[in-house]
Amino acid sequence: MSELPRYQDLPAAPRGGRSAWGLFGPDDDLGLVNLMTPERVAAAARLVRTGRMFPLDLPIGSIAPALARSRGAPRHAVLHQPGSVGFDDVYDNFYPQASSQWDSLGHIGYAPDEFYNGATEADVLSGARNTIEHWAQHGIAGRAILLDIPGAMAAAGRQYEPGEATAIGVDELELARRRTGLDFATGDVILLHTGFAAWYGQQPGAVRDRLPSRLNAPGLAHSEAVAEYLWDWHAAAIASDTFAVEVWPIDPDPAAHPFGFLHHMLIGQFGMALGELWWLHDLADSCATDGVYESFLVSVPLNAPGGIGSPANAVAIK
Amino acid sequence: MSELPRYQDLPAAPRGGRSAWGLFGPDDDLGLVNLMTPERVAAAARLVRTGRMFPLDLPIGSIAPALARSRGAPRHAVLHQPGSVGFDDVYDNFYPQASSQWDSLGHIGYAPDEFYNGATEADVLSGARNTIEHWAQHGIAGRAILLDIPGAMAAAGRQYEPGEATAIGVDELELARRRTGLDFATGDVILLHTGFAAWYGQQPGAVRDRLPSRLNAPGLAHSEAVAEYLWDWHAAAIASDTFAVEVWPIDPDPAAHPFGFLHHMLIGQFGMALGELWWLHDLADSCATDGVYESFLVSVPLNAPGGIGSPANAVAIK
Amino acid sequence: MSELPRYQDLPAAPRGGRSAWGLFGPDDDLGLVNLMTPERVAAAARLVRTGRMFPLDLPIGSIAPALARSRGAPRHAVLHQPGSVGFDDVYDNFYPQASSQWDSLGHIGYAPDEFYNGATEADVLSGARNTIEHWAQHGIAGRAILLDIPGAMAAAGRQYEPGEATAIGVDELELARRRTGLDFATGDVILLHTGFAAWYGQQPGAVRDRLPSRLNAPGLAHSEAVAEYLWDWHAAAIASDTFAVEVWPIDPDPAAHPFGFLHHMLIGQFGMALGELWWLHDLADSCATDGVYESFLVSVPLNAPGGIGSPANAVAIK
Amino acid sequence: MSELPRYQDLPAAPRGGRSAWGLFGPDDDLGLVNLMTPERVAAAARLVRTGRMFPLDLPIGSIAPALARSRGAPRHAVLHQPGSVGFDDVYDNFYPQASSQWDSLGHIGYAPDEFYNGATEADVLSGARNTIEHWAQHGIAGRAILLDIPGAMAAAGRQYEPGEATAIGVDELELARRRTGLDFATGDVILLHTGFAAWYGQQPGAVRDRLPSRLNAPGLAHSEAVAEYLWDWHAAAIASDTFAVEVWPIDPDPAAHPFGFLHHMLIGQFGMALGELWWLHDLADSCATDGVYESFLVSVPLNAPGGIGSPANAVAIK
């Protein structure tokens, strides 16, 4: 892959923002995961120094009730004949996006019937395009760089509340990036640590029960500047420990489209991989301790034909 | 982890074979995955040269009907309001062991009520011990070494049929290992390529439909010599593209216990991670081409509390 | 069954209201379905004159989204090999109480750990007591008497809105009963027609989507007078076309217990069978036309061991 | 409904046997359930004398493993917050035809793409025609007449084994019918008691486990004479306590079509309602005791749009 254009050089998209459709060919279903080339994977593997592994998935079923009201909790049956030597198990009501997850490029479009790279509603529904198995069959690996928002805010003496709808703009992203001492690199996986998942884990049941109907969660600001920043980074993916990578609730005003719900741009136009509700707390602690904010990230989503999302199945190795 | 004893130095197990219980402490739930220390992970990561990724999971639902008759095919519903910009999905009847998978240490015991490291039937049923989340929370990574049985047999001028119940003994394992030019190393993941999964993929529906009721599949011979060989390798895991790692059908004769069904020993006594129905074909092709039989293997099983098995979610990186 | 006592002659229940526990013996799991004796069933069958059947179940899945937020929509898969002559099907996420339904006597207790006739939480959870199969194995049949609230209110020149939280008190019940020209009889099934289900069927998707989080539905008033009226009728069951038989929302004030949520009394103390979300519209039309408000009702709940609820599977025959 | 033609007067069907398509109009989805007219329902209700109810459904999940290998056991989750006063439940993997059941007219066709009354494969798959809700919305009720095969065989001094593949021909049907002292009547529900379900209930687990792969069960003989007999009876339905109403295994020889698998004729051409695995033991006992072999049968299948089958939800009232 040759150099990607800058955001300002992308063509205008018909309903606002700019379009990256076609940059990887008209039939592309991978999006910016294309940037995870063997050379970059090999370079990222060389970041492994101590071999310490940081699994980044919350337990299946640990977000309960599911934050998106259209989802539910998995039902797990352990199958066993009493007295026998074997066990088996089966899941029902397993929403692959209810806990730590990837959104496939079919999850959210730029607009109705306009999904990443021109795929239609029917293309996604039938599993013909943009679904999760494309990433599973390509492989996801690369350099991860952790942006520690709570840490950066604290260091800057700024107030920050991980259980509120705090918008993280370009300033805050840069504040956190500069603390890493690292520069942008094409194909990176940005790990956006907001503190939301750890905050969630400390809430009592009564609070959790109320969250799905009135969720506030920190995340990327609903602005074109943020979209431009992420594109110009030429990152392949951004994964966060918050609900939707971007701040929640979204801005449903049509005048705010496509930035009021950044998924429209990030997934629908850029083809960027979005990871949500990852467990970044332990990794962030480690980064704060040793000052090393980069790691080798490997994720193996389910090889699920026609799948809209997948558990993250991600590990960072330092 | 200090040096493990040799098989002959392990204490006798009460119902045949030898016992590795207690080697990692009385409360251990990880088994030989304990051997995947940071040092070994770091060393294995240095095997990455080209950065080429080999995802090792067959598609979810691709083994249909399920080879174990107690399992079934996943039902996948794509959720979408026509005209809307979003898609979601949900799985029912999702047997995590129906396609490429890991057996947790709770899957099969040494004997009824005698699971790895002394866990009871009730311990496994309640998710108190040996279930899959322990590996997920530790992380699985290490050097993989591919043993290409069809390749080794062909090179040796020996007949080999991947769709039959061919027993692979120590001789055949060594034949394949010597072709790799590599020596045993503690914590390795042995990838046992039998050709079964590729054979399966070529069978018509009528043949597949008959397989669950009379399955023949190649795999490890039902012998103490094979158990000893694997233990003395001090491998952490063995994953194969065949149904059960070991040859199928098992030998149900009580006199053959615990070797007639090697799971009793490998899982129940050794605490070895067994991977089944992995897709090793492309990796084996690559190894045959470039002569490099080792790679960096990373697997991220589902972080599923109380889970008996998991999709493999594995990738080898060369 | 000999004559039941009147409400005022029942012993006081410890947390308010009066108790019918023990009237059918200490081990009874049927409650007032005991009143459906052969003699009464035979008498009710003689009410069949024209043979016209009125099925009383809404379609499975037609209440969408489910009005109780803890429930969901069934997922139905039709199984078929293209070109073959056979079809089969399977349901997942099938909540037996999401559409027209019976609450078993295990559904709601008088108080925590105090379920009908002294059953404990553990008794219900294990399926040892009060679950739905007891009714299925006894059989449910008897005289149904339709109380047409919208009709009675209109005839009385009173305002009535089936989509609001209108409380139906003893006055309104008597108003409707007197229009039937029929007297109370032991073992009756009261069909309480509120018009809610028909109202629901006319709402657009956007309205339906909002209902689960702020439901208003007509039903029995939260008063002891209503409880006394139903008990003294000595009816076996009351089924309605509204969400919960009683007006919704409930009154959660502890001072209102057990009448603020009448289920506590009707199910937990009386052992009365409660049917919800039945389709009574066509039957009510027929009654208004021919002036015959009684019919022979037969319901066959699922014979589901340990089941908490069941589709109503009910038909009225006139 | 005017008089139906006799079998010999039906037109020949293109692949053998005779065709009843079109008798109830080109768009009919009910088949012989059309014969359940109000007049006949009213007459059947008058058969109720004592009011004794005989529920005819086996427990959900009691046929385990499912006799048809393509089906499975339901998974039932009881939902409860410890300490709360309420319970709810949900089923997954619920095959409506795994226990006592009705086959809808979409279950089996006369031939591929030739379902009852000319419906196509696509019609059934989409739920446009022949599915179970048509019966649910019409209602199923009528006179039941029990044919007690074991009783009739014993009385005739003939050997009979309910666990074997005993074919029941016209002679045996007539032997049983004559014992009832009753004549054929249009719209009847024939209850064919074979003793299979009671036999099944007495088998140990090891025997049950083997049944799905080599099932032998008694039932109607694979002959045109049986088809003619049932048609000329002008019965609306035939329900049995055996696996498939007809003897099992079927005769797959193409030369035997359509009688080698009578479903092709009974469902695909006649539009007859077939009930399977009903519990007729207690009713048969009662008939043998009091000599009354007729009863009022009411069944309320699930009102399940697009459903292929349903639990029987049936009760006989004498």
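Chains: A, B, C and D, in written order; residue numbering restarts at 1 for each.
The working rule: a residue touches a chain if its C-beta (ideal position, glycine included) is under 8 Å from a C-beta of that chain, and two chains touch if they have at least 3 such contacts.
Computed from a prediction, not measured in an experiment: that's the story for all the values here.
Of all chains, B has its CA centroid at the greatest distance from the CA centroid of chain C. Where the sister copies chain A and chain D meet, the same residue numbers recur on both sides for over half of the interface positions. Taking the mean of the C-alpha atoms as each chain's centre, chain C and chain D sit 30 Å apart. Chain A and chain D have Cα centroids separated by 53 Å. Annotation: 47 Å between the Cα-based centres of chain A and chain C. Looking at chain C, residues 72, 90, 92-93 sit in touch with two or more other chains. Residue ranges on chain A touching chain D, taken from their complex, read 75, 77, 90, 92-93. Remark: chain B residues 69, 72, 92-93, 213 touch chain D in the complex. On chain B, the positions that touch chain A within their shared complex are 37-46, 48-55, 57-61, 68, 70-72, 76, 78-80, 82-97, 100, 106-113, 121, 124-125, 127, 133, 136-139, 141, 264, 268, 296, 298-309, 311, 313-315, 317.
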